[in-house]
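Structure in structure tokens, see below.
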Amino acid sequence: MQVAFSAEEISRMVGSTASRGATTENIRGLAALTDATTGDLTFLGNAKYKTQVAGTRASLVLLPVGHAGEPSPGQLYVFVENPSVALAQICARLEHALWPKPVAGVHPSASVAPDARIAATATIGPLCVVESGVNIGERVHLQAQVFVGRNASVGEDSWLMPGVVVSAECELGRRVRLQPGVIVGSDGFGYEFSKGRHEKIPQVGIVRIGDDVEIGANSTIDRARFSLTTIGDGTKIDNLVQIGHNVVIGRHCLLCAQIGIAGSSTLEDYVVLGGQAGVAGHIRIGKGTKAGGRAGVTCDLAPGSFVNGTPAIPYMLERRVAVLQPRLPELFKRVGALEEQLLDAKKTSS
Amino acid sequence: MQVAFSAEEISRMVGSTASRGATTENIRGLAALTDATTGDLTFLGNAKYKTQVAGTRASLVLLPVGHAGEPSPGQLYVFVENPSVALAQICARLEHALWPKPVAGVHPSASVAPDARIAATATIGPLCVVESGVNIGERVHLQAQVFVGRNASVGEDSWLMPGVVVSAECELGRRVRLQPGVIVGSDGFGYEFSKGRHEKIPQVGIVRIGDDVEIGANSTIDRARFSLTTIGDGTKIDNLVQIGHNVVIGRHCLLCAQIGIAGSSTLEDYVVLGGQAGVAGHIRIGKGTKAGGRAGVTCDLAPGSFVNGTPAIPYMLERRVAVLQPRLPELFKRVGALEEQLLDAKKTSS
Amino acid sequence: MQVAFSAEEISRMVGSTASRGATTENIRGLAALTDATTGDLTFLGNAKYKTQVAGTRASLVLLPVGHAGEPSPGQLYVFVENPSVALAQICARLEHALWPKPVAGVHPSASVAPDARIAATATIGPLCVVESGVNIGERVHLQAQVFVGRNASVGEDSWLMPGVVVSAECELGRRVRLQPGVIVGSDGFGYEFSKGRHEKIPQVGIVRIGDDVEIGANSTIDRARFSLTTIGDGTKIDNLVQIGHNVVIGRHCLLCAQIGIAGSSTLEDYVVLGGQAGVAGHIRIGKGTKAGGRAGVTCDLAPGSFVNGTPAIPYMLERRVAVLQPRLPELFKRVGALEEQLLDAKKTSS
């Protein structure tokens, strides 16, 4: 990161009024207590790491008010109410440095259809393609090499990173953030088997994405067979996730990396699925359900369910099963021993 | 979708001669019986949803000849032999509206090698790269930002969507459809371990894809170490699927999303694998084999196999095991009880 | 492959001094003993395929010195110390034909910031984007449609294939090879739940990739929340792999296709993970650990571990459990029978 802040700037950012020690270093990096070195800022976010503070080599340490101990030479302690919150404030500032506000306008290398509607405050970066009938809202940022297909729309303040594809007719809400390589509106996987061949069922629906949705790198969202594939407001999706056609995902869900949701399934609001989980087609997962990493959900789940395993079962039960599983060889031996004992007993008694 | 048809146009499309009721709405969307609203077309594709017909708010309902009941005011019933077939006819028409026939020619922003052979009826869209020695067949559509590497060939009527990469020397058949972000011809994963390092084994084979193959968004097909990685005619592959080097996939297979096929394995014709399944390297899966979602196939399978689970076992057996699995805690208790009883019995008898 | 070598050229490449038979064919392909046909070269790499040599239709066969038997008419046997090594030498030559040395310079269709530092020997291919402050080393090859973001750096002799995205500030070592569609530096998946919404935690760290790293097609490597996501020297990663934020991967690891490594986990040097494996967040996997395909690692592993299954347990134990698993229905029956016998015994004795 080519960003540097003076110790005074940091103190001002976090609204600190108390400090101990001094540093002349500019702060050029952030690191954990044990990893930090000269020029780094670090913080005590969790009391259990308290003993690591004395040994850190960071130039600036964010500490809770009242933390005892003395900084090393050339080290500054900055005291705040909540070091984690202070860190978030600094990160937000760093983010603005990392991703400076783009300059509005269409890059001369972009290929934009004459009838596309591009808001005056939007940025169309280099080598983007914007097809006919597209609607690009205020302050939208198509970063570079983005494709937006015929009649698609992108809501205001959205940011589409390099290599994103938004296919024809699809609709993105406001403040949508698509990480690099995301595909929105690929065809659903639908064929009818006839005379020894798989004949394609046309996929003529669209994808509609709500406000404040974020989708991770190289994830794919299929258009509906007809009607809609929907991602609700505030839902966050990680990398390499597959969402099948006609899936409905509610609001404020969290889907970790490499999840697959098969066609026509519904996730109600506030569902959280762990990495590499899978959801079968045509099922409904109730509001607030949680599933562990790798869970394979194969049937409807009531609201508030908490499941794990493949096929997914209640979480606590699955944990008990997982502990017993490796003891199967022992169990087989025990049952064999019982059988022998009974056989011996019979022989004896007969 | 910016497409609208009058009720009369719909009736003509599906060849209907009988109707009941009337609507003045243009049909602007398709939706399920329970989701449809004014301006939508819906249909009764399965008798079990019969009771939903009376309540639908669609402006036009496709119904089987002989269906009883009266349309709501402003609603038109259109009678046909088979509403599902009628719907497919309408979808095909919508598809033509969604994806209008591209205009032949090379977009001025594309980068095309002078010695590439581009058929006169082909379309090379904006910001595509076509390298030296490439062969592009009649009516091929490279939509936008597609890459076709040195000496590769793309058969007639194929459609490569935005962001597709076809690497050097690879060969695509006719009517191949690659969804956005597909990578054909990445290097196989091959290294030899020597002196503490993994030394790369050059991957100098190619990928050969047959006619009528479709590959889903962001899937990856590795080139062979040498010789061929092959996808047979008519095979359909979903999103985020990984095909390793020297894999041979037969004709008319179906591979659902997020499947991985490790190097040098063979799938014979008509194999169907569920989502997130995996196939180990160097094995052969017989003709017509079916594997459930998430199945992990680790050894050869005879033609016509039907398997599930990891490692994959016969489907019906796996279903029985899956039902018993959650009862392991109970089984351990029962065995413990038996052991105690026998111990007691011994004490008593001694 | 449009490459042809005469039999004499092949003999010279592999340093052979002994041969039997003769061919006038130019060698245009490589294939296995049983697949090869006229114009192909084949080899005997493993003694167990010895009997296949007599039947091969290849025009040229690489054989170990001392191999008996006579070539067919029009077939040439070429004798070498080690046919596998000889084949690797030929593959290396073919690779140079497949991927000719790129011509240095910036393609006129590329979009390169005026202040980017591009080494004179580097090649910036068509339709690439190189942002401000970027550092491109000697002989680097950005093949086509590659994106390199603000202040990122790419070490000498690296090769970034079509569609690769290297996001702002990320650092690539020397001789790094990124297959098509790789995303380096997407945001980590981090949110804080507050007032019913997931609020984004800014991801302001970077990705640092060592020397001699190769990453497979469409894989994604997230930037750190702050500080670093690290891939060590010599590590090789296959296609569609997900590496979470703040992950540390050691040197000379092998990660097969579709693996996911959750945030903040550490893999020490020489770790090998099979395809579709998963590693939970915040754990440490000791040096030289091996995990089978599909393994789900959920806790710290000591150096030299060898595990399998989900959750991962020692490999040999998992193999025993996997064999017993399908016998669960039998075990339940046996326990039921024991219970009945004991009940009967009690009845009899009472």
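Read from first to last, the chains carry the letters A, B and C; within each, the first residue is number 1.
Heads up, the rule we're going with is that a residue touches a chain if its C-beta (ideal position, glycine included) is under 8 Å from a C-beta of that chain, and two chains touch if they have at least 3 such contacts.
Not measured: the values here are computed from a predicted model.
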{"item": "Arrangement of touching chains [line / ring / star / complete / other]", "value": "complete"}
{"item": "Interface composition of copies chain A and chain C: same or different, split at half", "value": "different"}
{"item": "Rotation in the CA alignment of chain B with chain C, degrees, nearest 5", "value": "120"}
{"item": "Gap in Å, rounded to a whole number, between the CA centres of chain C and chain A", "value": "25"}
{"item": "Chain A residues counted as touching two or more neighbouring chains", "value": "109, 127, 145, 163, 181, 218, 240, 258, 276, 325, 331, 335, 338, 342, 345"}
{"item": "Residue numbers on chain C that touch chain B, as the complex places them", "value": "1-2, 29-32, 35, 88, 91-92, 94-95, 98-100, 107, 109, 125-127, 144-145, 161-163, 179-181, 212, 214, 216-218, 234, 236, 238-240, 252, 254, 256-258, 275-276, 293-294, 322, 325-326, 328-329, 331-332, 335, 338-339, 342, 345"}
{"item": "Chain C residues within the chain A interface of the complex", "value": "109, 111, 127, 129, 133, 145, 147, 149-151, 163, 165, 167-169, 181, 183, 186-187, 189, 191, 196-198, 200-206, 218, 220, 222, 225-227, 240, 242, 244, 258, 260, 262, 276, 278, 280, 296, 310-311, 313, 317-318, 320-321, 324-325, 327, 331, 334-335, 338, 341-342, 345"}
